[in-house]
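After the structure tokens below, expect a handful of questions from me.
As written, the chain order gives the labels A, B, C, D, E and F, with residue 1 at the start of each chain.
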Amino acid sequence: MSLKVKDLCNIIEDFAPISLKEDFDNVGLMVGDREASVDAIMTALDCTMDVIDEAIEKNCNMIITHHPILFKKPSKITMDTLLGKKIIKIISNNINVYSAHTNLDSVKDGINDAVVNILGFDKSSILAKNNKAVKEAGIGRVVELEQNMTLKELCDRVKESFKIQSLRYCGDEDKKIHSFAVINGSGQDFFEEARKRGVDCIITGDTSYHYVSDYNEMNIAVIDAGHFGTEWPSVVVMSKKLEGALHKMGINTPILVSQNNIDPYKFK
Amino acid sequence: MSLKVKDLCNIIEDFAPISLKEDFDNVGLMVGDREASVDAIMTALDCTMDVIDEAIEKNCNMIITHHPILFKKPSKITMDTLLGKKIIKIISNNINVYSAHTNLDSVKDGINDAVVNILGFDKSSILAKNNKAVKEAGIGRVVELEQNMTLKELCDRVKESFKIQSLRYCGDEDKKIHSFAVINGSGQDFFEEARKRGVDCIITGDTSYHYVSDYNEMNIAVIDAGHFGTEWPSVVVMSKKLEGALHKMGINTPILVSQNNIDPYKFK
Amino acid sequence: MSLKVKDLCNIIEDFAPISLKEDFDNVGLMVGDREASVDAIMTALDCTMDVIDEAIEKNCNMIITHHPILFKKPSKITMDTLLGKKIIKIISNNINVYSAHTNLDSVKDGINDAVVNILGFDKSSILAKNNKAVKEAGIGRVVELEQNMTLKELCDRVKESFKIQSLRYCGDEDKKIHSFAVINGSGQDFFEEARKRGVDCIITGDTSYHYVSDYNEMNIAVIDAGHFGTEWPSVVVMSKKLEGALHKMGINTPILVSQNNIDPYKFK
Amino acid sequence: MSLKVKDLCNIIEDFAPISLKEDFDNVGLMVGDREASVDAIMTALDCTMDVIDEAIEKNCNMIITHHPILFKKPSKITMDTLLGKKIIKIISNNINVYSAHTNLDSVKDGINDAVVNILGFDKSSILAKNNKAVKEAGIGRVVELEQNMTLKELCDRVKESFKIQSLRYCGDEDKKIHSFAVINGSGQDFFEEARKRGVDCIITGDTSYHYVSDYNEMNIAVIDAGHFGTEWPSVVVMSKKLEGALHKMGINTPILVSQNNIDPYKFK
Amino acid sequence: MSLKVKDLCNIIEDFAPISLKEDFDNVGLMVGDREASVDAIMTALDCTMDVIDEAIEKNCNMIITHHPILFKKPSKITMDTLLGKKIIKIISNNINVYSAHTNLDSVKDGINDAVVNILGFDKSSILAKNNKAVKEAGIGRVVELEQNMTLKELCDRVKESFKIQSLRYCGDEDKKIHSFAVINGSGQDFFEEARKRGVDCIITGDTSYHYVSDYNEMNIAVIDAGHFGTEWPSVVVMSKKLEGALHKMGINTPILVSQNNIDPYKFK
Amino acid sequence: MSLKVKDLCNIIEDFAPISLKEDFDNVGLMVGDREASVDAIMTALDCTMDVIDEAIEKNCNMIITHHPILFKKPSKITMDTLLGKKIIKIISNNINVYSAHTNLDSVKDGINDAVVNILGFDKSSILAKNNKAVKEAGIGRVVELEQNMTLKELCDRVKESFKIQSLRYCGDEDKKIHSFAVINGSGQDFFEEARKRGVDCIITGDTSYHYVSDYNEMNIAVIDAGHFGTEWPSVVVMSKKLEGALHKMGINTPILVSQNNIDPYKFK
């Protein structure tokens, strides 16, 4: 059974309705033609040039990313800017680009929940409920541990689960962790909510010094596993989930997880 | 001598510096590649689908318009929207799009001055001076007639000069016009300035009922020759001006004024 | 039975509650004294100087207009400004001025519905529902035609129904119209809503070039019958409706539709 | 020599240019006709109903007030509101109303300087300079006493100079006052400026508890002689100044200081 | 039974939930330590330096005020500013400061109701309902008199009830008062609401000239008994109420009403 | 010669005038008493609890930090919040706290210049000039290398100069660096300025994924040496500079660089 871009949009949005997105966000079909048929799909965290080149190379005319390529609306689409180059390359190669971002973060069994499972836990509660949502949804999850872990053990679990070599953290390695919040991507906007929930630790990415310094002083550990680190594993999970959904409908359109979409950060 | 997009940008911006644009405006290279060479240029008031098709048909890989195609920044570039369709068609056909808008309006010998000349007058003063401008520039011109005209005569002059079949106006046909303001495009924001200058008539486009009703009551005639009507003739003039400038530099890149860019309004 | 200004206000507001007005609007008794008795009523679209003079001449001490005379609140009431002149003349001649604007537009059987009937149709649905309204109300109506009309036929119907000599439109004359939206006055704010409703044509006034150019490209015809053109007929209808209501209450206060309130626009 | 309203406006604005007004203010000809001739002038602090009735009674067709009658722009001019009643009575009786407010406060030898003189002092410096002003101007004056006064003595001087029976103050009666600031009307916005200037006392009107409590604690005395109290004497001075100017031009138009414009506050 | 700061906070907030506060307000524990035990409590309207000194002198390590000391958030806490001095002195002397402001104003049997009772009336309705409130609450009360009073009588009642020597008022002493509104503190924001309720008089503090002049002209009397005047009596009542509540719980922590918190205003 | 807090403030502000601060910033004497004498000074990047305890322990009654403790103005000063605890401890122990932030960053030979010197370079130009400054000042410096370095070499130089064990970076290790920008602390607001200056690399702290991903794609290397990492060394330099200045004035007040102010981030 062949697959059109519009069908793919519907399948994704059945699972993660656009209405769940945060107000600031921009999700859905970013570039392309709903009526085009989908030959092969590449999934990635970001629509980098490397990902576009890889899609061209592997004849994927559909790229699905978590981060919206048009998060900042362009006033120019020229080779003078990175975004202009990307849009020109995408369109010149008849590629369709779709993004599912904060809607996919917050929906039940979406990225937030995937992160919790990847860390080896299956029970969690929503940190910041989306009150407008028709479905149970919200940003961030809180995990209450049946058995306490030390901060060191939780750091190791994060490195191992997210398959990352390095991370940054604050807090005493022997600190007892009974409950933690996990907010994939940039989670600082939800730190206060997590503090009010009384968590011992917050796992997220893109932390900045003043937050970490204050939370460290408030004896709340922070594990910064990186924006890429905390989200890439769930992108892989979501790709498989989508693949499964397509197969159930008898659709065998290949889904390739990008190999070129790597964390730009290196540790030294 | 071959011509690159960046050369063309410089030539235009030497004449009408981007710094002269109004704050709300978006001018310059809209879509494309500065380093691309220019095979042939199509000029138009707007980058409509018809103009894009005509450019493709006539192998013009450079479209110069007065109205910026990216006046509203797109949050999506898909076939769902008119703007998305245009951008996809432009990029898919390797076309570069450049816009010179309020900078070209207000610069000396730019569109405002062209409109005055097209109407058969050669002396005018700037209506709303651009105080930040390095060059003498501003929006709208005021013409003091050596010999009064009646409103009827001025209407006929407008129709004849702008080659339009119909126009809308308010005021008594026999009204004596000693001085008038002309603001090509949508000029209502400058009506108050024109009233303070004591003009007898204002020539512009896109007028709306409440303004015309009030100005009519204030015994200031208004001639609405249409946004397209008041700007298309100057687009032709500006094309010739550009052609002259290129020829002076030994550049023979063909410049075709679009034949398909017509006024969407019809009178019945 | 004599009629006081306050009685008239109540009668009008029973039919078109002030609560139905759009947030930006200013309706109700604009100038005058609730306790004054009403000798004779003049109705008009706008409280122009001509209408005021006519009211004085015909001893109407009550003017009811659709457009609020105090839409812009005056910082000065002097003979230096048109609005100042009007207010001074109204008060100097003991005239009361009442305006029913967007409340009268949107109420069931108000101006929007009157426009639909004047065009010869009796069934329509509300284009933009007023969710705060206690009564079924909203701006603009959508008419689904039982039998398609061509754009040419619809233009002719508009000219004939609204008794206007000229109008402006865009779109192919032979275009099949199955459904159209009608927004009396300035309707551009509701174009997007109409597009989403899938109408083939929009009838309104005060259109501007960029909207008409885009909607023309999106194959949605636009008939600009003028702000005055689309509203004057309903003012006449509403006057009769008010007259009927007064008569039912045994009130024979004369209601004169202004003869001097004419469209300031002339076509040439 | 007869006097037109426009002449009077020019005379006043020569002395206190409109450009000196604070941004929030609204000064100049409020209601009336520039071309009307001035039979007799009534001056007052406010255009109260009593003042209007007095003007009518004394055949003054010109009222000059310090406080602008149209400080709040009316959305309705009906007998339902106090402002509506005033405007209707003014216009119905062919009265012209002019206001000179913060421009007259801040200009050299304007109201601020008059207040200083009325208090018996002739040297002062400007408290808050108007940097946009072409003339030396600004709000509030600071007086450096050659000989210290006690707060009690300064209070008595204020009561005596402004001819008021009661005032409110804070601070120790025996407190030595070397310098004080005086801001006629409502001066709290300039308290911080006065504190920075190191004054021992601030004379103004319309003070509120939190300011007075804090300034009292900061050992800065405050004398609240009332908005009316601090401004009425200067209105009388300004009337005489205007009368003098008119006489110099051979204009004998009578100027009557209102007798009915009294302080609404009574002490008990 | 000993009392901790947190217990006191709970007791107060059970009676006047923080959720009842106006949006602009800042209530609750201002300075100090929830876990500290309360030796003795001093209540006052404001946390002036005198009150702080008195608390130190009388070994009160808990000050409860109506007006929040941190109404304006400090950017500096130094001896350069009055607020800095206060905070430094409070902290240096281990004093805890709590404020219950607009929540205590608006709650049933709170300050508003206390004011009504102090004036000798027991029935009143809420002037401006707090629609978000879980409890019946709102700002200001309206009293319908069974027997009319003259304005003179009501002024005397206010002076006598609030134990103040002087007050300011507007309106005719013989004016019949059937209903009045009372808004303790600064009530001008609620004058319009009171006018709509048709009251004959408004009792409040911190009035300013333009309001009083207009309301005087609208024949609505205003009694300005002072911000301190209208609130201090209720502070005393609230202190007793708190004392009663503590005693019921077997808590005998002494509560001293400040003797040094006096009205900074003096009349002369 | 003894030193008062006010003298110290003057010495610092002579070098780094408060007028150089960015608009959003809050610098100067944060907590304390200008008139207090300074026994000993502790310098730190941040006024953490550890630093306060260390100051108490080492009898330093003056803490000078780069980051202002009152960057966020407190609405409560209680033990419920970290900031409340700090302020209470500072005041309870008679400690004065001073902050020199973006004024000290941008002034010539301030922190920005210190960072350049610490990295082993002595020539640089200002990245973002402070146009309001009386002194040559601005945020960020640009270093043009006489001899290119590889990105690897520059990373090593940063680690070695700033004495940090780990850092994060993006870009190819062998990338040739001819010029780089350095913005101590959080520099992302100035990335665009650096890009326009054509630098090959940006050294700063607190970077976030989307910036680093884009700049990596734009082939501009980023070295994130940490907010603490890029600023602590200059704090030490500035302490010595202050010490030098004091000694020159014959003031021997001890200056201790905090030993407890450590980077909260740890790498794993």
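Operating definition for what follows: contacts are C-beta pairs under 8 Å (C-beta built on N, C-alpha and C of every residue); 3 or more make two chains touch, one makes a residue touch a chain.
Nothing here was measured: the structure is a model prediction, and the numbers come from that model.
Trainee: State which chains count as neighbours of chain A and simultaneously of chain E.
Mentor: Where chain A and chain E share a partner, that partner set is F.
Trainee: Which neighbours does chain B have in common with chain D?
Mentor: C
Trainee: How much rotation, in degrees rounded to the nearest 5, is required to superimpose chain A onto chain F on the basis of Cα coordinates?
Mentor: Best-fit rotation on C-alpha atoms: 180 degrees.
Trainee: So, what's the distance in Å between the C-alpha centres of chain E and chain B?
Mentor: That pair's centroid distance is 65 Å.
Trainee: Please work out the Cα centroid separation of chain A and chain B, and write it as a whole number of Å.
Mentor: 46
Trainee: Taking each chain's centre as the mean of its CA atoms, how far is chain D from chain E in angstrom?
Mentor: Going by mean C-alpha positions, chain D sits 33 Å from chain E.
Trainee: Hunt down the residues of chain E that sit against at least two other chains at once, touch-wise.
Mentor: none
Trainee: Draw the chains as points, connect those that touch, then say whether the picture is a line, ring, star, complete or other.
Mentor: The chain contacts form a single closed ring, each chain touching exactly two others.
Trainee: Output the circular ordering of the chains, read from chain D in the direction of chain E.
Mentor: Traversing the ring with chain D first and chain E second gives D, E, F, A, B, C.
Trainee: Which part of chain A faces chain F closely enough to touch in the complex?
Mentor: 46, 48-49, 67, 71, 82, 155, 159, 166-170, 185-186, 205-206, 208-210, 212-214, 216-218, 224, 226-228, 264-268
Trainee: Chain D touches which residues of chain C in the complex?
Mentor: Counting only chain C, the residues touching chain D are 26, 28-35, 70, 73-80, 87-88, 91-92, 94.
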